[in-house]
C-alpha cells in the first residue's frame, strides 16, 4: 500500500458544485466528531474516500463481529437539496500524531477540497472550560471580518481572549492553511467541560451550522445521548456532593 | 550499509507455493514471539532474510560468547509437507520504535510477502488482562467474515468489545495493511497477565495455529517453560498472600 | 500550501545594502522577542516575508476580533538613515519544535539573509539566572575575537563559564550556522529571572544593540512595561515575605 | 550550510594505510570520550574533519573567551610510528539525539572510514554498574571469535550476560553496522559507577587499547583526574556514611 506517507483510496468521484467542507475530527469532548457524524447520518452522506497515513497510530480497530479496520479519516459527500449547498464532510478515528503529521494531513485534505472546488470551510470542535456547562455557548474564529459578522447573526460568540491559546489541530490548521489556499473558513467551538464525550456541546455547534447552511436536521438522537450523559454526570455529582440533611434527620431541633 | 531506512539482506531466494505468513514479534507477554519461535524451531525453518532498520533501537545485542548482533527482524521459511502449507515466519528482537516506523516496517514485510505470493497471514500476540489467567482463551480478529467463522470452529473466541482498544503494532498493521494489499489475515491473541513472559499464552495460540495449518508440533519445550513460569509466579503469590494458618497452629481450637 | 517543510511567502523584495540581521524569537523571559519587537516598532520596519513551517505547532492564534493567524515567523526590513545600517529583523510566535526543525528554520533564514547580502548578525535572548535581577547585565558570545573586543566596549560582559550550557535554539544556531556561511555574529543575552516575561531584560539588551548600530530608540514604552512587571512581582514578594513588625506592635519593648 | 542532514567539512585529506578507527563519544561516565581525548592528545593527532548534523542538539557551546562553537563530532588522524598503526579517532560533544540519527551518523562515519581503508574498529565506552568500583574491569564485545580470543589475551573480560542489555549508541552501532560493511570491530567497556565522569574507567580502557595497538601513552594526566574524582567521591561518602566512633569516644568501655 503505502510508500507514501498519506494514501487516499477513492471509491467514487462525485460531481459537486461549490461544496462546503465540514470537519469534525476527535478533539476536546469529541464535540466536533459527534457533530459531524450526526450531520452525515442525518443527511445520509455517502463515503467517497478513505485516508490512511503513517501519521496515524499503528493500530487496527476491531468491531463487534471481530472484523478489523485500519484507523483512518474518511470523506463523505452529500448533494444539496436546492436549499442547502453540496457538502464534503471529514470525519475519522484520529488526528495526526505529530505536529508535522497534522500539517501534512490538513494540507492533504485541502488539496482534495481544492480539486472539488471548495471555497468555504467549517471546522467543528470543543472549547474546554474545565467545569460543567449548563448552556454551552458556541464560540467562533474566522478567516475574515465579514464571516465574523455573519456568524454573530447566528448567535456565535466572538469573545476577546477566548480561546486564549488559539486553536490546535485540524480545526485550526484547516483555517490557517485554508486561508493560504484562498478559502474562507470558520471554526465553531462548543463549550464543554472537556471531561466527557459531550453530545450537548455537539448539538449546539451543529444547530448553528444547520442554520447557517440551511440543513434540516433531527436532533433527537443527539439530545438522547446528551440526556444519558447528563444522567451519568448528575449521578457522579450526587456521589461527590454530600446530600442536604432531610427534615426527619433534624427531629431533635423540633 | 544503510542509506535506506530499511535494509533487507537476503541469504536465499526460496521457491514457495502460496506460502502463509506467520508473524510473532515482541509484544504483550511476548506471546507472539514465543509462539513463532517455537514454531520455527519445531519445523526447522530456514532463515532466508534479515531486516535492519533505522526504526529499530540503535543497539547491538551481545551473546554468551561476546559476539555482537545488530538488532533486526528475521524471515524464515519452511516448505510444506503435503499436509501443511509452505510457511514464511517473521520473528525479531524489536518492533519499530515510532508509529511511522511501524507502518514502514509492516509495509516492507508485506511487499516481500507479496513477492513470494502470500495470500494468507496469521499474526500472533498476547491479550493483556492484568491478572493471572488459569486457562487462557485465544481471542481473534480477522479481515473478513468467512475467516471469523472458520476460526470459531477452531475454538477462537470473537468477543464483543475485546480487544476494546484495537490491536496496536505489527500484529494489527499486517492485518490492516494486508487487507489493502488484498491479503486475508487473522490475528490470534492469547490471554496473558501481561506481567510476565508467558509461554502458556504462547502455547494456546500456537495450538490453534497448528490445528488450522495442520502442523505437527511437539509442545513439551513450551510446556516446560510454562511450568517454570508457573512455579515462579506461584512462589511470588505465596510471598504476597499470607498463608492459611495450618492445623497445628490452631491447637487452641481443638 | 505546503508540500515543503518550510514555506516563505514574500510580500516585497526590498533593495538593501549590507543589511544587519537582528533575531528576536520567543525564549527565556521572552527577552529577545520583546527587544526585537520594540525595535521594529520604533524604526517602523516593514514586514516583507512570512515563514510558515511544519516545524511550528499545528496551531492558529485568534485575535481580539476573532480573526485567525497561522503561527509563523516574520521578516521585517528597515532602510538605514545614513547613521544606522539597513536592517532585517526576524520575529515570530514560536521557534521550531524539534531539534532538526530548529536547524532547518535557522538555515532557511540564513539562506534568505545571504540572498540579501547579510554579513553581520545579532541574536537577542535572555540568560536565565533563576532569581530576580535588579540590574541585569548583558552577556555576550560571538563568532570571532574582534567582535568580542568590540562588544566589551559597549558594556557587554563576556564571563568565563557563562552561559555554562551554551546557547540553545535560534539565538545559538544563527551564530553557529552563520559562521559556516561566513557571517560574523553576536548573541546578546539579557539577564532575567526566567520566571516572567521580562521587559527590563529586553531593555538592557536593546540599549546595547541601539548603541552598537547607532539606532535612535525611545525606550519609554518598554520602561512602562518593565515598571508594570516590577509592580506585579514586588506585590508577589510582599505576599510571600512576612512584613517587618511595625513600631507600634513592639510597644511592650519600650 | 545544511540542506543535508549531516554535513562534514574536511580540512585535510590525509594519506593513511589501513588505519584503525577509534571511537570515543559521550556516554556512561564519559569513559569513551575521556579515553579517546586522552589518546589523541598523547599522540598529537591532527583534526581533519568536522561533522555537523541536524541530529545533534540545536546548540552552540561558548568557550572561556566568549567564542562560540556549533556542537559537532570531529575526526582526528595520526600516522603510525612503525610500531603502532595509522589511527583515525572520532570524538565529539554529543551523540545523535534520535535513534535514526544515531544510525545515520554511525553510517556516515563508516562511509568515511571505508574511504580511508579502515578494516578494524575499536569503540570505547563505559559499563555502568550502579556502584563505586575499586578496580574496574574492561569488558568486551566483538564481531568475531578470533577477536574475542585476542582481546582475552589483553585482559579483556567476556562475561556471560554482561552487558545484559546489549550496547546502545555509537559504540554499539559502529560494531553492528561495521560488520555489515565487512569491518572487524571490538567494543571495550570500562566498568564505572555511572554517577560521575570517570577518568579511572577511561584509564583502564585506554591501557588495554594502548597495549593492543602498541601505542606509548603517558597516563599521568588521566591518573591525576582520577585521583581528583576519587577525592571528591570519598568526601561525599564520608558525609553520607556516619563515621566509625573514634577510640576516645569509647572511653566508657575501657
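In this document, chain identifiers A, B, C and D correspond to the written order of the chains, with residue numbering beginning at 1 in each.
FYI, a contact is a pair of C-beta atoms (placed from the backbone, for glycine too) under 8 Å apart; a residue touches a chain by one contact, two chains touch by 3 or more.
Given the structure is predicted, the values throughout are model-derived calculations rather than measurements.
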>> So if I look at the partners of chain B and the partners of chain D, which chains show up in both lists?
In response: none
> Residue numbers at the chain C-chain D interface: does the shared fraction exceed half, giving same, or fall under half, giving different?
Replying inline: different
> Can you name the chain that lies farthest from chain B, using the mean of each chain's Cα atoms as its centre?
Replying inline: C
> Distance-wise, how many Å sit between the C-alpha centres of chain B and chain C, to the nearest whole number?
Replying inline: 54
> How big is the gap, in whole Å, between where the Cα atoms of chain A centre and where those of chain C centre?
Replying inline: 38
> What positions in chain C touch 2 or more of the other chains?
Replying inline: none
> Can you list every touching chain pair?
Replying inline: A-B, A-C, B-D, C-D
> Can you list the chain D residues touching chain B in their complex?
Replying inline: 96, 99-100, 102-104, 106-107, 110, 140-145, 148, 158, 160-163, 166-170, 172-173, 175-177, 179-181, 185, 187
>> Touching residues of chain C toward chain A in the complex: what are they?
In response: 1-3, 5, 9, 52, 54-62, 64-71, 97
